[in-house]
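Below: the structure, in structure tokens.
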């Protein structure tokens, strides 16, 4: 009953097979291998973006930081949510890769709004050379709190960014889960809304460690390759990244894995919201649930082997009735019997 | 007949097996997985260094740049050969990771000597705050020109470094090939000589992309983990790095693969040096050969399908007798029939 | 009637005299000149800190950024007010000099409190290597909104910082104005409270461009000199910085100038608060006043030649009764007749 | 008898007067003061470059590093002499300001030649993303060894740079001395040859600390102002930089001061070369002399109060006849009686 993270499970057999298939003889490296051509072709097709520039990195932090560094100057600032991964969980990688750009936090929740974004942008870039310049807007989809921006939400945020001439980065660590949740196409969720560069995540959805960085306007990708090499993120045996991504794209495996993850999450959600004293904190349409419940309830679940993060207090000590927040994340590989066991626990507190 | 590089071949079955074996259920990530404990144990044993700090990265550039950034300050300089990988082939990654430290080039060949190193160190760090400070010495073993420093060579270079209080970094992209060439132990080639941090390469010797960074004095590793995360080089599904490295270490696979590569190279070497008009440029004890031969000879080989880099002029146009330089690299996977074909070509120019 | 800034006026004759006096013959440079010894002596005396390390820079941005870079690592964060100069007005200089450290904003006003600081510190440094580490607390005295922390306020903030093992930086661009406002000694306002490094500003209080950076624990100043040189902030003809600072320190000129500025500000304050419809927004004890007043009132003042910044709307267009915020800053040089004219205007709206 | 440096003397009365004259009332800062308009006008006139962008900094290191950072990307390299100030005497400031660009050393002397420059440029930028890209050529005029490139030399170097599409930076710390030595105009020595950005030095030729950075194509100056602010090099009371530079430019004071310095140096040169056992090492046309002479001769001079740098061995101990290298630098302020005394010493060894 492991619901702590979607980066802790195994990869599907298709990915191992793709690696094995690629593991034959000599080939060019550094992205010049034929497999990377296939990847580029598949991604351009998938995004309906025939002239997009496509690059692979092995980690999401690298993908985000390199994408942002390509968009912004060191004297700029990047607008993002205060709980964005780039702000909280990348140990200053964006600042490092951009050469010292700043992050300006937008609003006080995981979801930026046109209003909060406008206020944030207005607060910067208006002091001439004295303050940072407006560099980029970074949107996280699915957000760190498990919410999914609607297409209208994305459009509105991109519109604000464009009205200030600021490019838009989409951190899509859970890109597939969002696409499935919205029932839309990748193009719908990106360039059709105004996104300039999207990180199409693979690691959280079944790969060992591969993310695609997609620039819809190839000109904006200008310095990406040099920055990737300089960051030590260009793989000599790049075929093993390409192979994984190709396996992920072929037959829409990425979509199927995300459907699995989201469907499992819906089952948990249905179970959880039926429990008294449980309050669901986010709109559960992707693969994450945030909820508050009494300490005793969390103790019950975890005592029976459920694994997920609890915040807001000490799980083991304190008033049994006081509320703590739990975070449940489902990945594609979550075994059905674990799911059933967990649902069973919900009914017998 | 592919002899262009040792980062273009496949990985051995043992590595695929190790990945498959590791691909089961949930596990901690970020290096906290049990497999990483095994890796640390195996590396400490192999290096006879029970308190060493051991980290994995996916690329050699990351390994080198992070190791150097951990050793030196931004106002320092790193002493290295003018053809060192960190100088020529990392697109300023060392400068990036150190925050702008300089590289000071030592002598004019691939092999630093105690004299050339002393002169270089004396040329820096003697202008108070005006010039860069002495930060580290970086030794490449095997060198970029295929030479292997003897243990006495290494001792002498480390002694010079130590006499100035400067730590030593060993770029061991071809660490295993050097150990096999010298018939020594990993400890002999590193801390017993005075090396502070060694990059134990895996990628060029049979892995998809894994290098180990080994700090013999754990205190010097102080900031490595934060720098690795900040560089986007900490893998969430770190088990897939650990699994490869574990497979590489178990049963001394790393040593066996290097023995294969070096042995194949010796065969090519024996063939080449028997050819009139061929001049061998390096001491061939590891897996690389640099040689000059008439243009016509290179045309003969390449025309029959041999693949290796030629420099010093246009392969296709020019005086058939003028000399061009070839670089032959053998990896563990080089097929015997390719080898035989190539040796055959040498006899029928 | 210029009240827009305290960095727009002339320097007192004593400073020109000090420059002239220093302008004779050859002398060592780079801070090795005898005048710098005098400066160090005077500052150590003034701060009752006989072993402090003292350095000069020509701008406050350099002083702050270099001080912070000396205290923190690139993977750290600095805690400061959201309106701190280092956040709003230095175009990412702190991020640049620290190599990409982050600024974490504390609370939502110019004054940090023990509570808001504790919350901010607790929000960082608790995610292992994933998030930034706790680097330093930066306190601005006088704050950007013209308020002066009491000695008890400073003690409480430093106590919080120390309880987390985090060093404290004091941005003292208006150090002298604060000391005068509090009627305390420089030591009272710094190391006796727990400040590790203070910027003792000169530029806003009568110098052409000199600030002193004072490390109370010389060991913490370790890398300052190299960072200053690397930043291009070490002056060859350093005597002209030393001469200004010496002139500023001799006979407590710095204290006299600040007394003048603060006294002039009190007169304006007395005039302003007597005006109906004027609301004073800060505790006016130093040399700045923030106030709201109807647009028509601002138009009256500015129409008669008063110069100061107005925010919150268009000065020229809009409802005459709607409130706009004005910022008045007095410097030592403000002519008495300008002051009288302004006070006269207040009485005849 | 001080000949150790041209940054150790006083400033001429005209500069003090300019400061005094500027020291009146309130004025805009940050370069928006009217005096800066005058400076821009005077420099554009002087350079016959009506659309040049002109900025002031207080140190030469800042001027060079900011100019280079504006021209090159972090993954680039800058070509310069191995004894260039940017390589030897700026504590990695160019690396810092460029975000980690590299310096590639050209040839083995102070003077780059078209051949050595071509070889250096050819050695870089030819490894795709693996190596650094070609960023800029930096020429030092007067060189660090006291030589002056002729206009033909400069033309040839710029031609090489342009043929590779690489912009040219001129480090003109001794710009005025070179112009006087060549008897040419500032335009002759810069944009007419192909220089893109010139540092027009003031500090070594009579200012307290001001250098002008002149971009002949204003578009290339794009990010300079933001970089200057971010580096902490934008002065609030900028008028005191403008005043010095205005005083330096009015009535061609800069040219007169350099004529004085060069003329004094010629007298020393005439005296020195008449001495047996003295070998002059450079073409003495500006204000520096490098020469070898027996240790005993140096002891004689220094024992009688002459001050200049000696390298190549211990001045006090060793064979009286063995040769040591001396460096003589004359500045505008060198007193005639000191000059006469020194010349007298040369005649009585």
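In order of appearance the chains are A, B, C and D, and numbering begins at 1 in each one.
Everything that follows uses one rule, which is that a residue touches a chain if its C-beta (ideal position, glycine included) is under 8 Å from a C-beta of that chain, and two chains touch if they have at least 3 such contacts.
Source: prediction; values computed, not measured.
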item: Farthest chain relative to chain A (centres taken as mean CA coordinates); value: D
item: Computed distance of Cα centres, chain C from chain B, in Å; value: 51
item: For chain B paired with chain D, centre-to-centre distance based on mean C-alpha positions, whole Å; value: 41
item: Centre-of-Cα separation between chain B and chain A, whole angstrom; value: 35
item: Residues of chain C touching at least two other chains; value: 74-75, 90-92, 96, 99-100, 129-130, 226, 229-230, 234
item: Chain-level touch network, classified as line, ring, star, complete or other; value: complete
item: Chain D to chain C touching residues, read off their complex; value: 2, 4-5, 7-11, 16, 19-20, 23-29, 57-63, 65-66, 90-93, 96-97, 203-204, 208-209, 226, 229-237, 240, 307
item: In the complex, chain D residues that touch chain A; value: 30, 73-75, 99-100, 129-130, 133, 223, 225-230, 234
item: Contact set on chain B toward chain D in their complex; value: 74-77, 88-92, 95-96, 98-103, 105, 127, 129-132
